[in-house]
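Next up, some structures in structure tokens.
Each of the next two complexes has chain A plus one other chain: chain B in the first, chain C in the second.
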Partner chain A sequence: MNLDYHALLPEIILAGTVILVLVTDLLPVKKYWSAVVGILGTAAALVPLLTLSFCDSLEFCESTGVRSMFSGTYVVDSFALVLKGLFLVVALVVLLMSVGYLEGGRFWQGEYYFLLLASVLGAVVMASSRDFISMFVALELVTGPTFLMAGWRKGDDRSNEAALKYFIIGVISAAILLFGVSLVYGVTGQLRFADIAAAIAVRGESPLLTIGVIFTILGFAFKVSAAPFHFWTPDTYEGAPTPVTAYLAVGSKAAGFVGLLTVAYVAFGTTRGLWAALIWILAATSMTLGNVVAIKQTNIVRMLGYSSIAQGGFMLVPFGALVAVDATPDVLEKAFFATVTYIVIYAAMNLGAFATIIAISNRIKSGEIKDLAGLGLYAPGLAGLLAIFFFSLAGIPPVAGWFAKLVMFNSAIGSGSGWGLALAVIAAVNAVVAFAYYGKVVKSAWFDAVPDTVSDAMKSDSKVAPPLVLALGLTFAGTIAFGVFPSLVTSLSEFASSLSSGL
Partner chain B sequence: MGWFESGWGLSLIVFLPLVGAVAVLAVPKAREELQKVVALGFALVTFGLSIVLAIQFDYGASEKIQFGTSREWIAAIGSNYTVGVDGISLPMIVLSTFITVLAIVYSWDHWPEPRNPKMFSMLILVLLTGMVGTFVALDLILFFVFFEIVLLPMYFMIGIWGDRTEVRIPVIGKVTEMRLYASIKFFLFTLFGSAFMLLGFIALYFRSGPAGDRTFDMIELAARSDLFTGSFAFWVFAALALGFAVKVPIFPFHTWLPDAHTAAPTVGSVLLAAVLLKLGTYAFIRISIPILPQEALNWAPAIGILAVIGIIYASFACLAQTDMKRLIAFSSVGHMGFVMLGIATMTDIGFNAAIIGMVAHGVITGLMFFIAGSMSHRYHTREMSRLGGNQKLMPIMGAILGLSAMASLGLPGLAGFWGEFMSLLAAFNPNPALNVGLFRTLMVIGAIGTVLTAGYLLWMMQKVNFGEPRESWDDVDLHDVDKWEMMAWVPLVISIIAIGVYPRIVTGATNDAVVELIKNAFGG
Partner chain C sequence: MIVNQFLILGAAVFALGVYGVLSRRNAVMVLLSVELMLGAVNLNLVVFDRAFRDELAAGQIFSLFVIAIAAAEVGIGLAIILLIFRNRSSANVDELDLMKL
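Up next, the complex of A and B:
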């Protein structure tokens, strides 16, 4: 078989790095060298992505258009390139966040980086998968290592609970997904997404196919923790080590969305009315339930767990708004574009929020919202970052989050249907409700007096691990730049929206 | 000065304060004097530039957008960086930069607890960027961004430097500090309104033409106003009006205002009253009416009735207050009622009344909040029953308070007169498409409102200024107006008298623009 090694280079480099990290762990050097190798490898994997993206203007690069391999089951198109880039950047930031965290506690380090990078490899493969077999393998590669990572704080009951709960739910959701896929395969006789779409177009819908589609979508609903399939999320987020939570909330969730996007738009493009109605409900319940429950939370990471459920609902809105719409390619592309834009912005601001929380709880040794009180008085820098990331999550201009919400509203209203409009109104009310809890964190940090639990040593200790500073800097720059110049994101997400026009 | 006219001048006025905020951030925390100097310097330069703007402005063509520019901003959704000034926005820009300078001057020696001049000056400067940006934006998305940016500094101002008295939250029944309750209430109310406003903006965009020819440009949308009809227009107008009405505030969306005003530190209340409330009324004139003129006529009676209810309600609410600052806050609801009544008549006189009313309310109520702040700083109470005899204790402060109260109740010759008078005049002769009987009734009720307004302001004067001072003040060191207060207040006093004697300072800029707007919107 004739392989396009240039197209596979990111995966090859990443796979090499995974092995190299394990080897480094065996060498008689300090443990953090595993992280350094991991970071360098991830950064190196970004290089071929760039050369592939700008292939047309590079002399040594042979321009072949969309690079399709393994009889069309593995495709490197602009969508795949953008999402792979996103996964690698997310991995870099999470690695930077992890270094200080792992050094600070009694953790196994080499294995951690090995597992994290293996999961990232799965996500990168996911972006290119165009059939159910490779997609399922990729999805399992994404989630498998995270089961272990969630339990990385071995001495802590909560961490064990987090891992076990996540594992059980993960396995169930995989089973549901496989059940759906097997029904779809049984009806259409195909596994490649393009062939499934063609077969459905020829044969029309049948009850069995309907059940297959519903189960497949629900399988993904677990992965992206859409309500009412979200109940593992808060416990797992709270119990897992915070950098792992950040990866679950951003990397793993985005991988789920990538799967959902490709399956929904490519494989099930012709049965849009069916999944759109289902996702309409998931979107509305996720937003509402996530927000309402988040208001009552006292632990900041747990609150961010519910927040990520609500944010996931917002990302689903463009899908759901497609119910009862004439399928003009323009409308489909707008919806696709909106979800991708939302994912990119969400990644920047949510990682930033987690990085800030790691830096803060390092200092005050607590994850309770009320213990953040007075942060603005003794650590205005961290409190400022906290305010920026949380305002961004709440969608207040000029920080990035507002634009994500705007394109989401844009696609819902632009669908032109009453259902789309209704979903937009639900989203608008939720966007306001969300401020009640995002604002609570800002209020605690800026408006409240310093509590007794904060010692003078904590106040004067302004040390933040250098890798974490870098992670904060990257996410801060992204959050500000995307908010003030949203065209930075739209150029990426428009590039990525090519997938929807293939219908 | 070619660069100034081509849009750079305006952009400089908008973003220079933001640069100033970053500059203040760079100053070490211990050097408070330098922070104040830098903040004042940037505010002064911005004010100076807005004066240059006012001088260079071509008053013969005030209906035209001047100093404008349009650059590509977010191509993917068709939004551009479009800014410009016409006769309607010019007075508002000058008002914003003017009040900001005075706010910084006043703050020089009056830092509310817990001090932190660095952050406070930064917030004032960021606020200025938001305010001016809202007044110059001619693109709906750009407008939305600036409209929201304004929220953040005010949220922090109320939350950090606000009133620490404990209050019981209505309905929930939890006891909390006033500042915490007021800041989140202010934020949530405005956010709720603006979320629907944004939906309305997007809906307008999709109805503005076939794909590829859609726009967020306010001027272009106004030119295409024929496209927006029927129930679509009805709902879009309602969504926009909700966003703007909360900001104005129109009765019954006003309940955040007394809390926010009372809780805010002095400078916060001043900026809130003088400029922030105008964002809503300005948006009605700039966005709702030109783009949805037909629907504006349908909604006008409702707006007029709510405006008049606001006037009467605010008067009675004022009479029930014991707290001086809260009384002034409620009086704002009444004055904005007159502004909205002017707008509801949909006539050129009414719009002129609205704009001059906005400017007058800005300088008068701004001054009153300054005085209320200074008095409670000295007396450590805002209870009017304890303040009696202020005139004897502090003659100059008493005199300035008297003058501002007279201006506020609409005494001819002072700034407040024109807004009230012209707005009632306009209600006598509303737009031909409106029900004359209804608006004349509103005029009569509004006129009764002016009497009530005079009533509660005189009542306040009587309680605060007149009478004999209480004995408990004998041992307290009560100094009269200090130099920083003088420097902040005298310009306001001068502008109150100047606008009162010569209202063309404002209407000279607005009149042509307003006449043109009415002609384009309603024909003839």
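Up next, the complex of A and C:
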């Protein structure tokens, strides 16, 4: 078998980094060197992604179009390249956020970076897998390490609870997903996505296939924490260390969406009627429940947990709007494009929101929303960042979030069916509801009186760890740039939409 | 080969697993019930593989992957349960209610 080592280079570098981080932990050096090695390795893994993307204009690069390996089960196309790049950048930002956090508390550091990078490796593999075996292995590689990372504050009961709840829901969802896959295999006799689609097109739909598809999609619904399969999300987000929460909300969620996109569009692309209705319901309930429950939250991380459920619902809207639509490639590509755009923008703004909250709670030693009051009076920089990221999440121009919402509405309305329109209306109502709680936090941070719990020492202590400053800078730049120049993100996601047009 | 009987057995074992997950209080027993669900998946995969006479033996290979990964997951799960047992002297999932809506 001929292996395309150039195409596999990002995975190889990342796997090497994972081992190198463990070795660094053994050496008699300061523990943060593990993080340095991890950051350098992740950055190095980005280089082959760039050479692969611009292969046509490079001399040494043999341009072969879509690189397909292992008889089509592992494919490096432009969709895979863009999402691998996203996962690696997310990993970089989360690593930067983690360094100061872990140095500040009593944590095991070397193992943490090892687990985080292993999880990122899973996400990177996920973007390329085009059969159920490699996808399942990648999915478990993404979630397995995060179960442990959620419980990283070993002595804290909340962190323990977060880990166990996440673990139990995680393995149940894996079992449900697998049961669905086994039934799909039973009907089609294939595990490769392209073959499954071909077999379904020939044989047509059957009751067994319906059950298989529904179970598979529901398994992913747990992973992307779509309501009504979201109940682990707020508890796990609140209990886990905040950098881990940021990774769960962005990295692991995006990996779930990548799996859902490839399975829905490629494997079940020929039987869209079976999953579009299901996703319509998931999208509507996630948006509504996430936003309504977020309003009454008192803990800021828990509020962002519900907000991420709602944002997940927005990402599902383009899929759900495909219900009762004739499958023209144009409509499909538009929906695909909308979801990828939303994921990229969501990653930038949500990571930024979490980085800001880490910086704030380092200072005021609290994660309660009422303790944020008056932040603008003594820390205008942090309060400003909080406002920018929260307005972006709410979808207010000129920061990035508005553009994500625009393409989402555009695809839902552009699908041309009544169901798509209804979903767009639900999304519009929810976008307004969402502003209530994002706006409430920002208003409190700028206009309310400082509470007594914030001492003078906290007010004057303006120290933010340098890696965290870098993380804030990166996400800030991304959020502003994507909002002011949306063409940056559209060129990325148009490049990535080749998957759906390949149908 | 008659697939139906195996399918019914697989579905029954899966349903038993789901019942166990929902009704058991001890975290270890919940973990065991999840294993039951995965056992049903393996049964399905192997039965379909034999029924198709799949030349690639994809179903059987998949079931090997499922077994290996399930073992890794149990390792993670027992580590978490052990941690909780150390901190609270109980592995009862009902008592994990520090965080609520």
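What we mean here is this: the second predicted complex is superposed on the first by the 503 of 503 C-alpha atoms of A that agree within 3 Å, B and C clash if a C-alpha of one lies under 4 Å from a C-alpha of the other, contacts with A are read in each partner's own complex, and residues count from 1 in each chain.
Everything that follows uses one rule, which is that a residue touches a chain if its C-beta (ideal position, glycine included) is under 8 Å from a C-beta of that chain, and two chains touch if they have at least 3 such contacts.
These figures come from a predicted structure and were not determined experimentally.
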Touched partner set for A:F337, first chain B, second chain C, both or neither: first
Contacts of A:F409 with chain B and chain C, given as first, second, both or neither: first
First, second, both or neither for A:L148, with chain B first and chain C second: second
Touching partner for A:L191 - first (chain B), second (chain C), both, neither: second
First, second, both or neither for A:V429, with chain B first and chain C second: first
Which superposed partner A:F179 touches (first chain B, second chain C, both, neither): second
Partner chain in contact with A:A201 - chain B first, chain C second, else both or neither: neither
On chain A, positions contacted by chain B and by chain C: none
Interfacial residue positions of chain A with respect to chain C in the complex: 132-133, 136-137, 140, 144, 147-148, 151, 154-155, 157-158, 160-165, 167-168, 171-172, 174-176, 178-179, 181-183, 185-186, 189-191, 234-235, 238-239, 293, 302
Complex interface listing, chain A residues touching chain B: 330, 337, 376-377, 380, 391, 396-398, 402-403, 406-407, 409-410, 413-414, 416, 424-425, 428-429, 431-432, 435-436, 439, 443, 446-447, 485-487, 490-491, 493-494
Residues of chain B defined as touching chain A within the complex: 72-77, 114, 119, 141, 144-145, 148-149, 151-152, 156, 159-160, 179-180, 183-184, 187-188, 191-192, 195-196, 198-199, 202-203, 205-206, 211
Interfacial residue positions of chain C with respect to chain A in the complex: 3, 7, 10, 14, 17, 21, 27, 30-31, 34, 37-38, 40-41, 44-45, 47-48, 51-52, 54, 58-59, 61-62, 65-66, 69, 72-73, 76-77, 79-81, 83-84, 87-88, 93, 96, 98-99, 101
